[in-house]
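Across the two complexes that follow, chain A remains constant while its partner is chain B and subsequently chain C.
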Partner chain A sequence: MSERATSESTARHPTRLGGRGRGAVWIPVGVVVVIVALLAGLFAFGLGRNPTVVQPVIVGKVAPAFNLSRLDGGRTLNLSSMRGQVVVLNFWASWCADCVVENPALRSAFQRYRDQGVRFVGVSFEDQSGTARGFAKQMGMGWPLVSDPGTNTAIAYGVTGVPETFVIDPDGRIVAKTIGPVTYSVLSEQIAHAMPGGA
Partner chain B sequence: MDRLGTFALALSLALAVYGATAAIVGVRRGRPQLVESARTTAYSMLALVVAANLIMEIAILSNDFALRYVFENSSRATPVFFKVLSLWSADEGSLLLWNLVLAGYIAAVAFRFRRARPETLPWALAVMYLGQVFYLVLVLGPTQPFAAFAVAPPDGRGPLPLLQNHPLMAVHPPFLYLGFIGFTVPFAFAIAALVTGRLSDAWIRTVRRWVLASWIFLTIGLMLGALWSYGVLGWGGYWAWDPVENVALLPWLVATAFLHSVLLQERRGMLKVWNLSLAVGGFALTTFGTFLTRGSILSSVHSFAQSPVGPMYLGFLVVVLLGGFGLIAARAWRLRSEARLDAVLSREAAFLGNNLCLVLITLVVLVGTIFPLLDQALTNRQVTVGEPYFVETTAPVFLVLLFLMGVGPLLSWRRTSLDRLRDRVAVPAAAAALTLVVLAVAGMWNLPAALAFGLAAFVLVANGQEIVRGIRAFGRATGRRALAPVAPAVARDRRRYGGYVVHIGLATAAVAITASSVFALRSDVTLTRGQSTRFAGYSLRYVGERTVQQPQRRVLIADVDVSRAGRDAGDVTPSLNMYPSASEPIGTPSIRYGVLKDLYASVIAFDDSGNRATFRFFLNPGVMWLWVGFGVMALGGLLAAWPPARHRRVSPAEPPVRELAEVSG
Partner chain C sequence: MADDRDAGSRRGTHVVAAVLAVALIAAAIAIAVIAARGPAAPATLQDRVRAVAVELRCPVCQDLSVADSPAPLARAMRARIAAELSAGASPAAIRDGFVRSYGAWILMAPPRRGLSLVVWVLPLALAVAGCVIVLVAVRRWTRDRPGVSPNEPSAEAPDSRDESPDLPAADRRLLDRALAAAGAEDPE
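For the complex of A and B:
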């Protein structure tokens, strides 16, 4: 290969040189745009596939029976004993941030409906009973709390994580299921719907 | 607490917006005082971001579980050391740290160019501020580190067990962040050069040391990540080609390419478009890495970072790619090369080869990392791309790279005569040949391994020889003897000697990687109490299980006596850690580190109340030299980056002001 003399001035001020002007700019720019658009489409596809949308097939079915011991020891709590009343069944854990988030909504609903024959039950989910009791006390969970050894009840209800909240009508059928934190208005609506005479 | 933190972040955002606006308006309207205020804004913005980080640390340390982040990532039982680390153990907090590092870089740039201002500085500042705007919007909008509960729960959940299992968690992410975010600086100056049309070499000289700093941080970060994987995860290896590991490797490869290719532009005016592309590509890859790890588009062991910010990252990535490469495409016709390759036997050719190899590896790893996504988009199957793909595609290129690393330093700029090359190549080639003979005689013959060992020997000797040759020549020229010329010779040309040292470190690491991946042994065995097994010349006897209760966890330790040839050789104590918040135990391996080989033991399970235990033993040759090699590489980088002594400082970014001052003075 031969030495190729290079002119410094060519290098320093190449702007005005060469046969290619501004018109030629759009070809490389267009290529960049197309490639980036393809990449972006691919990544957008990656973002689009979200497998967390769940069909609550359990809604409309008879609520699975349970007989669980209370967190504070002693007696057990049987679902069949609450037949004839609306039951709000809330699966929760002391390590669950969204359970803290939904706590005020649950407490408000409890205050409003406790005298109207609506029963609230909290099922502790994969937790240590001491920690769970401390959490419940601090958070003012004044309704009956039960433990679920072996997670059998949670499995029967198809619980995939906490919090999940089921509303059961007086006939023992599940009429609503909420995945994630409940809000006061949605829960109130579900309860009203389940109550005798509710639409 | 939460309001204060959010307030500090909101103020920082206002300052970042102001900084970007003032810099652009100032430079377009020709108002230097506005640009100056954009520059000094960096300091107050840094102070505010520091404050936001401190507020979070205080909340964590004072068990303020009203903050959702504190509840989810700390607990009363968490040791203080791991509480401090909780700042970056989940997405929201680590974005705070990300903002801190970015604000730190902007302030560092503002300080570094406080007197001598490159003409590109205003635009560069604007680009960096805009980057900060994006990351501040992230922590103020979709991910809120300071989100608070209405009622404070009594105790927190504690950090993920895997993240509180080892102190290396303390340093591995910050180093990677320093490396990743450092790419903002070359990107900003490249964009500034493109926008202003000041496409001379000035931007290259301005950013070279910043890229080197990023490279050093990434090198250390990659090493610490490998060390964490090896010493904590218990699967016996240090690199799994996990997507998140890959995205940390990609910018490192690009930075390595850039550090070589800028020399071609500085000395010969070649590769201008290429260098701009590497600066833009490196930054785009770091953005892609964050998008990948935090945008939850690929599954990975690092999937602790799941958040709803994917579309925002994607938007940012698109802006970076379109803006960066679009500008390069628009300006390419002004960026003609000033020189061509004179000869194949030249330093330039070796550098070109090095860049082609590095970019090829980058592309191959990138394709392997996003292939599962591509495949699913086209065929709706779910596939994973594993180690065999990455090893088989990259290993040959790495071998070529090793060869170039040895031969490059032996070649002169422009052209090298065959006689001269023969003279210089003799000793390294002999060393490589000797290595092959020794391997054959020792019966360790495996073609890829032999090639790697031979080439590594070639690189070690070639670079060592060039160091000695350079120092001797300097000694002769200045009349110094023996070791006297070492310091002044190196001080005169830190970049060159630093580069040689890095090559030596990398060759050392290459030996370690080859040895440990080709010659490792493994055995899975279940032992009852008192029973022994033979493994790789060791006799391993399971003594029994004992339990240690710690505040945050229960540790089940397996005591295993090790003996070799009838002599006691200490013990290994792999363990399982039971965390209250985790249903599965987290293992901790026990490693007897050795100069030539490590004995590595993991316990998989205990049965029959500790009377039986299932172990996985590994014999990993040469791993020690991986850490040594990476350490040497970081030191070499430091040597190359170290600023010259103050009185002789002639930074290319500074001359205009200084010369004027001297003239007027």
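For the complex of A and C:
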């Protein structure tokens, strides 16, 4: 008898909820649904992205000025002296494996664009000048190479490692940044974009 | 005499409450003063460099500040901070310089504006919401339980059952029937 009464009362439970507080029941359900939807959206957004890729904020900004001495001990190289020309600024090091990987692409681009007024500059990153010079000779880096004492220029450009390659337009604005080894096609596209009249 | 003792114990409770309240207020004032003053100004250049560097992320590390990283790039950044501080730059200006180069990502703590504000506000909002939920739930539980309220004389306990506000008439009849049946089966 008592069992029957209990089951009856349980069976009536939903009626009670439905009758008295339909709104009161739907509010927590709605809250849970909203929270789950928000979490699902957050995960869909966050897990679809590569956490190691950070959008470079420096693209579109004025390239930080520098005046650095050449690796071969010659005169200094000043960015402002190259105003009016497209500048390809490459940060590299002799201890950097990816710099070997990207070397053919850089050399090809240098060969193609050197006569079109595009200036190539290699900034040595956390390296000893002797070792860096030897590496540059071995790799056939025929463009001006400079040392960066105190890593100040690299920090100003937001460099997180090598290689990193910046393309600066004739107005002195950074128009592209490549983290890691650059390819010939990507670099040519960036240079063409930076050139006067380039799309 | 019983009245005297009651009055005495009530006075004691008042004294304890007053002492607790004074202690709480004093502690709150002390914390507020310390919070308003902030940490003491770092004395040496090394301390001032560290104060800036702990807020900056080491770009070549995983979850390590510029102050704590042994990486060459972090060392170079500390040297740059030292040079700029020596030149008279403010810590905020130096921080802004790093943000211009690396983006807000370089800051160990997300900025308290824009979308990043969510990570500052959300935990607080959730904590407050949790407290409200617990408060409401506790109040509901204690209200629904008959005979728990200390204001109700125990003689009225059987009647207070009927005053239970959440039980509709149909359920009340079912409950009464169930109780009656249980009583019939088990006379004790």
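Everything below uses one rule, namely that the second predicted complex is superposed on the first by the 149 of 199 C-alpha atoms of A that agree within 3 Å, B and C clash if a C-alpha of one lies under 4 Å from a C-alpha of the other, contacts with A are read in each partner's own complex, and residues count from 1 in each chain.
Definition applied: a contact is a pair of C-beta atoms (placed from the backbone, for glycine too) under 8 Å apart; a residue touches a chain by one contact, two chains touch by 3 or more.
Quantities reported herein were computed from a predicted structural model and do not represent experimental measurements.
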Now for A:E126: first (chain B), second (chain C), both, or neither, which partner does it touch? both
Just chain B (first), just chain C (second), both, or neither: which does A:I58 touch? second
With both complexes overlaid on chain A, does A:V25 touch chain B (first), chain C (second), both or neither? first
If you stack the two complexes on chain A, which partner ends up touching A:A156: first (chain B), second (chain C), both, or neither? second
For A:A44 in the superposed arrangement: first (chain B), second (chain C), both or neither? first
Answer with first, second, both or neither: which of chain B and chain C does A:V36 touch in the superposed model? first
Superposed model, chain A: greater residue contact from chain B or chain C: B
Once the two structures are fitted together, what part of chain A is touched by chain B and by chain C alike? 1, 6, 8, 12, 20, 126
Provide the residue numbers of chain B that touch chain A in the complex, in ascending order. 68, 71-72, 149-155, 157, 197, 200, 269, 291, 295, 297-298, 310-311, 314, 317-318, 321-322, 325-326, 328-330, 332-336, 338-343, 370, 373-374, 376-377, 580-581, 583
Help me check something: in the complex, which residues belonging to chain C touch chain A? 59-60, 72-73, 76-77, 79-80, 83, 98-105, 168, 170-171, 174-175, 177-178, 181-182, 184-185
In the complex formed with chain C, which residues of chain A make contact? 1-2, 5-6, 8-9, 12, 16, 19-20, 54-58, 61, 64, 126, 150-152, 154-161
Chain A residues within the chain B interface of the complex: 1, 3-4, 6, 8, 10-12, 14-15, 17-18, 20-21, 24-25, 28-29, 31-33, 36, 39-40, 42-47, 49, 94-97, 100-101, 103-104, 126, 128, 131, 134-135, 137-140
